[in-house]
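Here it is, the structure in full.
Chain IDs A, B, C and D follow the sequence of writing; residue 1 opens each chain.
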Amino acid sequence: MAELTYRDAVIRGIAQEMERDPDVVFLGEDVAKAGGVFKATVGLFEQFGPLRVRDTPISEQAIMGAAMGAAMTGLKPIAEIMFSDFFAVCFDYIANEFPKSRYMSNGQLKCPLVVRTGNGAGSRFGAQHSQSVENWCMMIPGLKVVAPSSPRDVIGLLAAAVRDPDPVIFFEHKSLYATKGEVPDGEIVDQLGTAKILRPGTDATILALALMVPRALAAAEKLQAEHGINAEVVDVRSLVPLDTQTILGSVARTHRLFTVEENPRLCGWGAEIVSIVADEAFYDLDGPPVRITTPHIPLPAADNLEDIVLPTVDRIVETVRRSLGS
Amino acid sequence: MATAKDRAQASAGSGLNDDIGEAKRLELYRTQVVIREAEQRAFDLFLQNLVKGTSHLSLGQEAVAAGFAGAMKPGDLSFCTYRGHAHTLARGVSVEKVLGELMQRDNGLMRGKGGSMHLTSAEHGVMGSYAIIGAHLPIACGAAWRAQYKGAKDVSVCFFGDGTTNIGAFHEALNFAAVWKLPVIFVCENNLYMEYTPIGDVTAVPHPAGDRAASYGLERVIVDGNDADVVYRTAQAAFDKARAGGGPSLIECLTYRHSGHSRADPAKYRPEGELERWKERDPIKIYKERLKQFGIAENVINDIDTDVKRVVDDATEACKAAPVPPVDILTTDVYADGGWAWRN
Amino acid sequence: MAELTYRDAVIRGIAQEMERDPDVVFLGEDVAKAGGVFKATVGLFEQFGPLRVRDTPISEQAIMGAAMGAAMTGLKPIAEIMFSDFFAVCFDYIANEFPKSRYMSNGQLKCPLVVRTGNGAGSRFGAQHSQSVENWCMMIPGLKVVAPSSPRDVIGLLAAAVRDPDPVIFFEHKSLYATKGEVPDGEIVDQLGTAKILRPGTDATILALALMVPRALAAAEKLQAEHGINAEVVDVRSLVPLDTQTILGSVARTHRLFTVEENPRLCGWGAEIVSIVADEAFYDLDGPPVRITTPHIPLPAADNLEDIVLPTVDRIVETVRRSLGS
Amino acid sequence: MATAKDRAQASAGSGLNDDIGEAKRLELYRTQVVIREAEQRAFDLFLQNLVKGTSHLSLGQEAVAAGFAGAMKPGDLSFCTYRGHAHTLARGVSVEKVLGELMQRDNGLMRGKGGSMHLTSAEHGVMGSYAIIGAHLPIACGAAWRAQYKGAKDVSVCFFGDGTTNIGAFHEALNFAAVWKLPVIFVCENNLYMEYTPIGDVTAVPHPAGDRAASYGLERVIVDGNDADVVYRTAQAAFDKARAGGGPSLIECLTYRHSGHSRADPAKYRPEGELERWKERDPIKIYKERLKQFGIAENVINDIDTDVKRVVDDATEACKAAPVPPVDILTTDVYADGGWAWRN
């Protein structure tokens, strides 16, 4: 066991997979010699050398296309897109190429790659460098999408992503890079498509992802302490495949559903889950499923504004409390 | 579009020497005829409503496909566009499998799941046909990167049109390939038009690919794309360079499509006489002459023609008889496990 | 009154606005001299001349950027993106530029433009030319998003879009271009953000958009005729702004909700609406809200496969009937 | 990066003639000093944790901003990147409003809603600062298209870095502007680095902009970006050309940033001595010398320095005293009606 930052877990996760398999290669902007703008790839260039860890031009389409061509023909590339907002300049690969080539070719082509990216708000970077865009990817058939909330999950899910035979979009949260957590020694390999119940509870199910997970947990403690509400907190972790069994199972026990989403409201991942639960577990629900999201606006830069725009612990507490009528 | 000087340069390689040899020449001829006949058949079948969806023919552009495929070794990889039937056939994929896909039958290359714009035959090195302009140029870079990384000697070849040189991915791919010195060949088939708009109306330079090679530190290569020998020799040089670690090439082949952009297009936007002038330089006509100049007997040529016609006829019948794809393949091969499950 | 195709309605709609306002300009690939690949802009070049109707290179980013720069500085551009699938090569403008510049500049910049595009399946074009991507846009804060289902709505909503001071994404459905409908003479101007109840009913609310509207209507007739179910059919028309009043009002009367979505399942517009209804009208619902969508897969090319992949009249009928237990 | 020949070409325009004149020279000097002092102050305030978020300084690149702004007329439009403080100040926006935005106060240009990377002052012609690499090049084309369409005489100027030349939007914008002959000027500030990676490591040609001009039928223009006179004269020529209907220009200004890429960057990747060599060519040092050579009195220069320091000091105090933005602006100006309602 060691205490590791989320940032260092990224490094360890990539290194674990590159050590295991010489076909794992890594490319991105400023990732090699400089160790990445978030310092989340420091030391990989030194450890694995210039053939496996490569700096690219500012050419996100070339990065994504190169990763895809390499994946199709036998490598297992990890590509970094520095900020997830930049998915918009290479979205063709995410939406039209990676996820469709296997299907269109009737199984002749494969696309086993991982795109890592810095997602989410909290750094006062403003509207073009702070977005939570996991729903941009969840909505595309053929992708897999994960977003870890802890250092341990970073390593385990990254390993699972690299070993997965399909394209996986791996969302790292910028505001989690400096956070710490216990990580066991040795190889860690987790499983895509598995949610985790982090805090069992009986009165309400709170689903959260990435940065929203610690907030949901803190809210649950407060709900318990101040309002006697015993909430179950589920870290969704994997949007595709989606662990609907865990989610439906939890709702079947608690009878109430809340989602805590960093993405702006419309068509967020919570909408999808609510629609699944409302359809399949309608009669389990004792009250309306409620989504707690970032309002449907671009993100402001100013610290005091950014601090209130994402779902806060207090907003979660208030929403759940009021909805449960306590 | 082409200046006199370009033309001269373009035809410089087509003298009557015999570095190519009879066997290769007959192969180049046959490939062109296969494409011609299969594409013509596709058009006829479309008129009979048997080819579904859209369809982009390479009638008139056969020499590019034949010349490049002729210079490829097994293991070399082709990356095509929606106008990819020619390149797919040129790599040896059967006419039946191509027509079957155009007719969206179960015997098609992808059993009808991909359709005319996405022909793929991995076993022949045809690593997909891409219908979003420019997308496959970076993808070809990636395949070439793999070869470089693994120390393999295969080369990736990426075919695209003149109009494609104006999209961002072209620029990113060319710079990337040049900086990483990748074994990839970018082949621009300049057929003078994007869909219906003349390339000159929307491009800042006369030669959309050739005049941009310098932006990537590459040589300006513009050749006669209607002469399979010229294309073949140009391709060979580029393959040699790539295999020797010399990095990418960008080759502009001057050619012309005889039909419209796609099945829906009667091509009314052409200036009068343009099609006729290009038909005088029909690649198959040119090549038939070439064979005769080299003393190849008329009946050898005729035998090829006859044989190809038979192959295409047989393929047509087989496709007509083939069933449509079974509905259960609708949800197969979304993911590597064969299925489409996004949830448990 | 005249009978017009949806295609000709596009022409008339653009012409109506270009006649009205000399600042309305139009650009796209093959749209001018050739009249567009769907022949939906034939005659505009001749009528308005080469300065107002312009062919562009194959440069979707330049098209979108140019439209934005022109809109910021005083023109009212209409930009065509030939197939909506190509939004992926210019998504930065849709996701990061159009919708954020007003906010980021604290109201100093404006972006009054319309992006028209051919959306949806039915032409056997395969996975990269057949997508329904309205949810790609609905999820972005700052955009407005409409998708007409009839020739009359094409003209009216296009006029509203052109006159709107914000960026509007206008989805034309490729499979509707050849359909016909009655259109009144003279200027037609509709209102964004308004859904339309096309068939009043009492037993269930069926929401549909674009090509799904005629199918929903046909299904409602069949439900009535064969199963005695009287369904209300609402043409959502505008995803942003969303006419939640009409939707919630309908559900309050019928107590059951069904969405008919062409977009693939995950994070489709129906998910958002279900999440709104489940939250705000939970106690109005007499049974689970059910989404009828294209399965979450890339689209196949083959006609027999494409015919069954989108929601069909029969699938709608079956789903509603079974869910209502008749 | 620059060859000897480029250098020669770059400095050719900086002789001691007086086509520029004293008033303009004092303006150019003052602009550079304003940028220097304001940027330096921003850095100090960041160290005091009063500048929030990120921040990209132009220390060392002042001559480019000053030279271009000096050649602009009212109504000309600037399109900037995240590294846009310099260009914003150069158009006459107050130091207080810029620092206020960096400090995310209510007195900032956008009241803290945009932040350091998105400085905008429409009334000064600063039509936004864009933080997605390449995005604003096509946008500047659009503004120029409006001028062309309306018969207005204003010109749009788009500033960006060397690294930006490798992204697709660069290519699309340049071709588009050239084909439509738009009154737009593309200014590449080649400061030798993208974020931390030397531009030469990732670019196929030595001059990322200049060596690509020919791809768009444009002249190769590479100038000394540390000499405001050279920049000013080059800009004037490009404005004249644009206003006369001569279409776009692409200008590569050779320069260097004295600080790291952004506030987080100590710039350890620089080879030893590089910064020192460039500091010898500090644009403000060069320009102070120039003024003296033209016989401008030391005290005139000193007065400018003193006055600018006072302006920056006053601005700093005003910003420190300014309140943070009120929370009710969180949801304003999403749409033109002032609000954010996506539903009724």
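Remarks
Here is the rule we use: a contact is a pair of C-beta atoms (placed from the backbone, for glycine too) under 8 Å apart; a residue touches a chain by one contact, two chains touch by 3 or more.
This one's a predicted model, so the numbers in the text were calculated from it and none came from an experiment.
For the pairs B-C and C-D, the count of C-beta pairs in contact is higher at C-D.
Chain centres computed from CA atoms place B at the largest separation from subunit A. Each chain gets one centre point, the mean of its Cα atoms, and the points for subunit B and subunit C are 36 Å apart.
Each chain gets one centre point, the mean of its Cα atoms, and the points for subunit A and subunit C are 30 Å apart.
Distance between chain centres (mean CA atoms), subunit B to subunit D: 45 Å.
Centre-to-centre spacing of subunit C and subunit D amounts to 41 Å, using the average Cα coordinate of each chain.
Multi-chain contact residues of subunit A (touching two or more other chains): 56-57, 59-61, 85, 88-89, 92, 96, 103-104, 126-128, 141-142, 240, 265-266, 296-298, 300.
Among the residues of subunit D, those in touch with two or more other chains are 111, 113-115, 118, 130, 132, 134-135, 166-169, 172, 175, 179, 201-203, 329, 334, 340, 342.
By the touch criterion stated above, subunit A contacts subunit C in their complex at residues 85, 87-89, 91-92, 94-96, 99-100, 103-104, 126-128, 135-136, 138-142, 240, 263-272, 274-275, 278-280, 282-283, 285, 287-291, 296-298, 300. Residues 25, 51-52, 54, 56-57, 59-75, 77, 92-93, 96-97, 101-110, 112, 141-142, 144, 164-166, 193, 240-245, 276 of subunit C are the ones touching subunit D in the complex. Only residues 29-30, 33-34, 37, 55-61, 85-86, 88-89, 123-129, 265-266, 295-298, 300-305, 308-309 of subunit C touch subunit B when the two sit together in their complex.
Against subunit C, the residues of subunit B that register as touching in their complex are 52-54, 104, 111-118, 130-135, 163-164, 166-169, 194-197, 201-203, 264, 269, 324-325, 327, 329-331, 334, 340, 342.
In the complex of the two chains, the subunit D residues touching subunit B come out as 166-172, 174-175, 178-179, 201-205, 211-212, 214-218.
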